[in-house]
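This is the structure, below, for whatever I ask next.
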Amino acid sequence: MINDKNSQKIVDIIQNWARKHSIWVLGYGTGCGAIEIPPTMTSRYDAERLGVRGAATPRQADVLLITGYLTTKTLKRVIRVYEQMQDPKYVIGFGSCTINGGMYYDSYNTIKVLDKYLPVDVYINGCMPRPEAVLSGFGQLQKRIAEGRADGAKQYKENLEWYRANQKKIIPNWVMPEYNW
Amino acid sequence: MEEVLYNVLGAIATFLVAFVVGMTYGGLNRKITARVQNRKGPPFYQNFIDTLKLASKKSAIHHGVMQHFGPAFLMVTSVMSLLIVPVLTHNQWFPNLNFHGDLIFLLYIMVFGPLGMALGAGQTGNPNSAIGITRGLSQMVGYEIPWVLALVALMIQYHTTSIVGLMAVQAQSGTWLMFSSPFAFIAAVMAMLGMFSYSPFDVVIAPAEIASGPASENGGKYLFTMMSSGSVFAFVKLTLYVDLFMGGADNIVILLVKTFALYMIPVLYSLTTVRYRTEQSIRWFWGWPSFFGLLAILQAVIF
Amino acid sequence: MNTIYIIFLIFLGGAVFTYFAGKIHKVLQDILFLVSILVPAYLFFANVEIGQNVNLTLGGISLSWGINYFSWLFSLIVLGLGSLAAIYAVGFMKGEKRRGYFYFNFILSIMAMTGILLSRDLVSFFVFWEIMTWSSYLITIYNGNKVQSIGIKYFVFSAIGAYAMLMAIVMVHHITGSFLIGDMIHAYPAMALSMQIWIPIMFLMAFGVKAAMMPLHVWAPGAYSNAPMAYTSVFSGALSKMGIYGMTLVLVTMVNHIPQGVWFREVLAWLGGITAVIGTLWAIQQDDAKKLLAYSSVAQLGYIITGIAIGTELAMLAGLFLAVMHALFKGTLFMVVGAIEKQTGTSNFTEVTGLIRKMPWTFLSALLAIIALAGIPPLGGFVGKWMLYESLITSNHYLLVIVIFFASTAAFLYCYKFLFGFFMGQEEKEWAHVKEAPAVMVLPMLIMALFMLVLGTFPGIILNPINHGLQALGYADSYKHLWDTSIILNSWGNKVVLQPILYSIAGIFLFFIAFLTWKGYKNTRFISTKDISSSGEVPKEDENLTFSVGFMQPFYRAVEPAMRRQIDKYYNAFADGLEATFEFLRRIYTGNGQTYAIYVIVFVVVMLLFKDFLF
Amino acid sequence: MMKELKEHIIRRVKANFTEAEENNDFTYDRLDFTVKKEVVPSLLLFLKEEMGFKHLSHASCVDWLEEGELELVFILWSPKDKIKVFVRTRLDRDNPVMDNMDNIWPQLHTYEREFREMFGVQFTGLEAPDEFILEDWQGPPPFRRDFDTAAYAEKTFWHRPGREDAQDVRETIANRDGEDIPDFAKKYSR
């Protein structure tokens, strides 16, 4: 029954609806962006009404929220955390630093373009983005999930070699477990 | 054979009711918390969406057979205790094992799941899990004391060790036990705060401290099973308190009213307090709650 | 010739031949050892008729050997556990030194325990009791460690018990002029009040030492943990039950007949409860599995003592059922520790982690034994615990219920610690070579684990002989109104029907296992314990993140004030104060049997000479 | 008071370390000594043990590219006299070698690891893993002034095209999505 094409479509719609309205966020608060998360979550902007809620570990999380710049050192941890998350999983790049390096455009130690290393679903622009922008970003992500376009995990799996080559260029001594999905 | 089938179907029906009610209560808890914090809060059916999402996760990982089985152990506890706690007084709708509902059996079957789950969490090798479990077990020793004091008081006062027997006592005398044995009720309710492990007794989960403790390596279907089990178990606990102290319930509406009123005690208490350390909470349970438990025993002996 | 003689002959001859067979061939020694335990066990259950006595006169003293339903129940523990432990011991002692010494004493102590159960007169009872003490002492110091601290402590306490018993025997003989137990029981109600009180106290002291009752439990943790694990399973499982056996006899045949007996029972019950609490609290703290299990044994024996001290029918059933269960699960657990020690060379939780995938069968038996120990349904421990609570509640011991309940709730802490410490946690490179223990060692554990599982649903299998035994002691038949094959009831008419519980638990468990396994089967993946979510870090191969040092610290911090005083300190202070006396004692207890025997004889002679003056 | 104290300190230091060059131009509670690198450990030890400068406030490294030297600065503080002393020394920029001094103040260990990693100063006898803050670093010491960080970043990392023209992002987005730029935003557009 489930293999039938039409019923699979219906199941997909229901599942995507659930995924859309229940977004558990693992905040990777490396940079200054982490300070914008408390106002987003608490009384004033209350992201929980959209189903957005914090998760404690990557195993439980749906969204990896990368708030701010990533040094080569933290990139390693971010990749690790991303690979530990369960499919389906999404990445939100938060702030200018993840988009083009922001004010760290000439830093010797921070990466400039996040989507070369991880499949980013939504970028939130700004330095720093206000909570309104963050909520709008979550809205965009929900839209993508509902349309079934947020398939970063699939993309990552299919282009693993390309991502690995990029990651290993930055991290020469790669001693992490292999991603074998 | 027919009887077995009838029982199994009844058990499934009871399980579904418990699941829905427990999930809704969890959602209402989040809603109430949000309203108290001057937020809009998630919809009351948010927990259903969360579980549905967890169930529709495409992949899952486990560190070994015990972690794989761990949530099943939890489910055994929830469903077993659901089966032996009478849901309604006149029990045509939900036939199950509750005519054997023995309190001491209940006390012990309640530990079966947590122990299995603890082994599963231990097998992950994540230190946070093990820390959470030692905290949980220690806290359990804390709140079991007033809880058992209250139960023993009831048992020796009314000369029965079964839930059905205590309900029959209330039906006969027409007085709820929360009025005829007030100290036992107070001690039991204080122990209930620990059983629900909401704040200030949420040291087991402590997301900011030990990354949600025992559940820290569980995701997808495992977390789904754990959350469902937790909801069912919350319903069981509330129903048990209603049965023991509030005379049970004749129909489902009265049951919902009574359980919801009881559920507000841990929910509202959790909103006003911050987290205790483990030894603080143990000492809290061995303080006033146990004192009321002893008073309850005194009352049971004298009257 | 009577079967009883044959049994003793095989035991004795087997012990001697096994000792010397090591000089010829090791396998021959193993075979002889097994034969000299298994054959008497078989003969005992097949040929010894219950209720038939053998009388003989030796040196003017008439001795009587025989068996009734009550001692048959305990012989089930002794010979059943003894046989399984013997099979286990063959695997355990492979490649160890001084096998002859170990086997010799092993057989002797099994023989002594059988002899105690067969004795119908006080002289052979005392002699067998001393052989039991003696052989267990020699095994305790088998590896030569801590002979001074542990061996001497064990021997001093055993000697205190032995003298108490000897004194009681002399008193009894003085009054009745006979050594037969039957005569003693007949004469007891007519004795003077002081005798009526002192004789049971003396006997209870002797039995309390072996049953590790507070405050006589001090020797137990050291002795249990220092003996080789193959013997400790018998030591803790069966040998301590001899104390329970004696206590039950004293309580039923003597204390019941005097009005002051109520006080005896209350004091004993509370001592049992306190023993349970103290044993549990100490067990939680131990980092060594042997010590943990030893303290846990003390605690479990506390429950049993409470049960038999309460003395109602249900309480007796509970106490004796718990005694059988304790023999089963503690035997298994000590065997588990032995297997782990054999495979890894250590029994410390802080050193060994993550053995579950290397020793799965050991883990399975440990898991079942721990579930039984904790009293969680559907295993047999629950039946015993349920009956104990119900008996305490129905007999209005409400504060004792709380004490016992506290002990058994706190027991979950060490139960989890035991399983977690060995089997859970991160898998280390250091233990990558560890393999499952040989089948000779695994099979006895699994058999006992299976038996516990069966007893959880069909406790009638053991409750039936217990009922017979209790009837032999003068209790009423409790079949159908306190227990049935798979139903347990209390005197208020509340009951637990065990079969539907087992089927429901199994059904729910299997359903959800099927659900968890079937759902997303292809996308479920096994990953190693190094692949954990620890803030994005990858633990290195030699980095062990397992949390095992100071494991139950939060609980310990809460109960710290109660733990500051330990009973050992009082004894040590006492010993310091009486150093001269103890120095004297030490000179006497050289560990040499001859000196000891001489001392006993001198003591007896002195007692007999001055009996008129003393009493 | 402060002046006498400073002179006293200078006198004591000069008596023991004749080559030390002092700088007493400060009106506030500060003194500077410049010494050769061989003398630094003994001077620090002397100040700590004899003069009461128990506390190491800070240590830093300065790159004097034009003079071909690296300067190490140690800032000490005396809790008793409420005065601070700067001890300066210069190292050869091409071969900066210094003695390990973490036995005087354990916290110097951390500073020394940082200097080694960021400036390439080698401390003889320093027992520490090679990596400190940078993981897998393969370029030259990054805090040296001749290290061109922009060029290094250009070479190592991808750059998203589009920031060269310094255009306002809002305008680009508005043009792309066909939205109107609000009036208040227009006056900021370039």
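For clarity, chains are labelled A, B, C and D in written order, and residue numbers in each chain start from 1.
The rule is simple: a contact is a pair of C-beta atoms (placed from the backbone, for glycine too) under 8 Å apart; a residue touches a chain by one contact, two chains touch by 3 or more.
What you see is a predicted model; the values in this text were computed from it and never measured.
Asks: Enumerate, in label order, the chains that touch chain A and chain C alike.
Replies: Under the touch definition, chain A and chain C have B as mutual neighbours.
Asks: Just to be sure I understand: the centre of a chain is the mean of its C-alpha atoms, right? Then which chain's centre is nearest the mean of all of them?
Replies: Of all chains shown, the one whose C-alpha centre lies nearest the global C-alpha mean is B.
Asks: Looking only at C-beta pair counts, which chain-chain interface has the most contacts?
Replies: Counting C-beta pairs in contact for each chain pair, the top pair is B-C.
Asks: Taking each chain's centre as the mean position of its Cα atoms, how many Å separate chain B from chain D?
Replies: Going by mean C-alpha positions, chain B sits 59 Å from chain D.
Asks: Can you check how far apart chain C and chain D are, centre to centre, with Cα atoms defining each centre and the answer in Å?
Replies: Centre separation, chain C to chain D: 70 Å.
Asks: How big is the gap, in whole Å, between where the Cα atoms of chain A centre and where those of chain D centre?
Replies: The answer is 37 Å.
Asks: Which residues belonging to chain C are in contact with no fewer than two other chains?
Replies: Each of 523, 525, 530-531, 533 in chain C touches at least two other chains.
Asks: Touching at least two other chains at once: which residues of chain A meet that condition?
Replies: 57, 59, 76, 87, 181
Asks: Can you list the residues of chain B that touch 2 or more other chains?
Replies: Answer for chain B, listing residues that touch two or more other chains: 57-61, 211, 216-217, 220.
Asks: Please list each pair of chains that are touching.
Replies: A-B, A-C, A-D, B-C
Asks: Show me the residue ranges of chain A that touch chain C in the complex, using the header's touch definition.
Replies: Listed in rising order, the residues are 57-59, 76-78, 80-81, 84, 87, 175-177, 180-181.
Asks: In the complex formed with chain B, which residues of chain A make contact?
Replies: Chain A reaches chain B through residues 14-15, 18-19, 21-22, 24, 42-43, 46, 48-49, 51, 53-54, 56-57, 59-62, 85-88, 181.
Asks: Spell out the residues on chain A that touch chain D in their complex, using ranges where they run on.
Replies: 72-73, 76, 99-101, 105-113, 116, 125, 170-173
Asks: Which residues, counting only chain D, touch chain A once they are in their complex?
Replies: 133-136, 138-139, 142, 147, 149-150, 152-153, 156-160, 162-163, 169
Asks: Quick check: in the complex, which residue numbers of chain C touch chain A?
Replies: That would be residues 523, 525, 530-531, 533, 535-538 of chain C.
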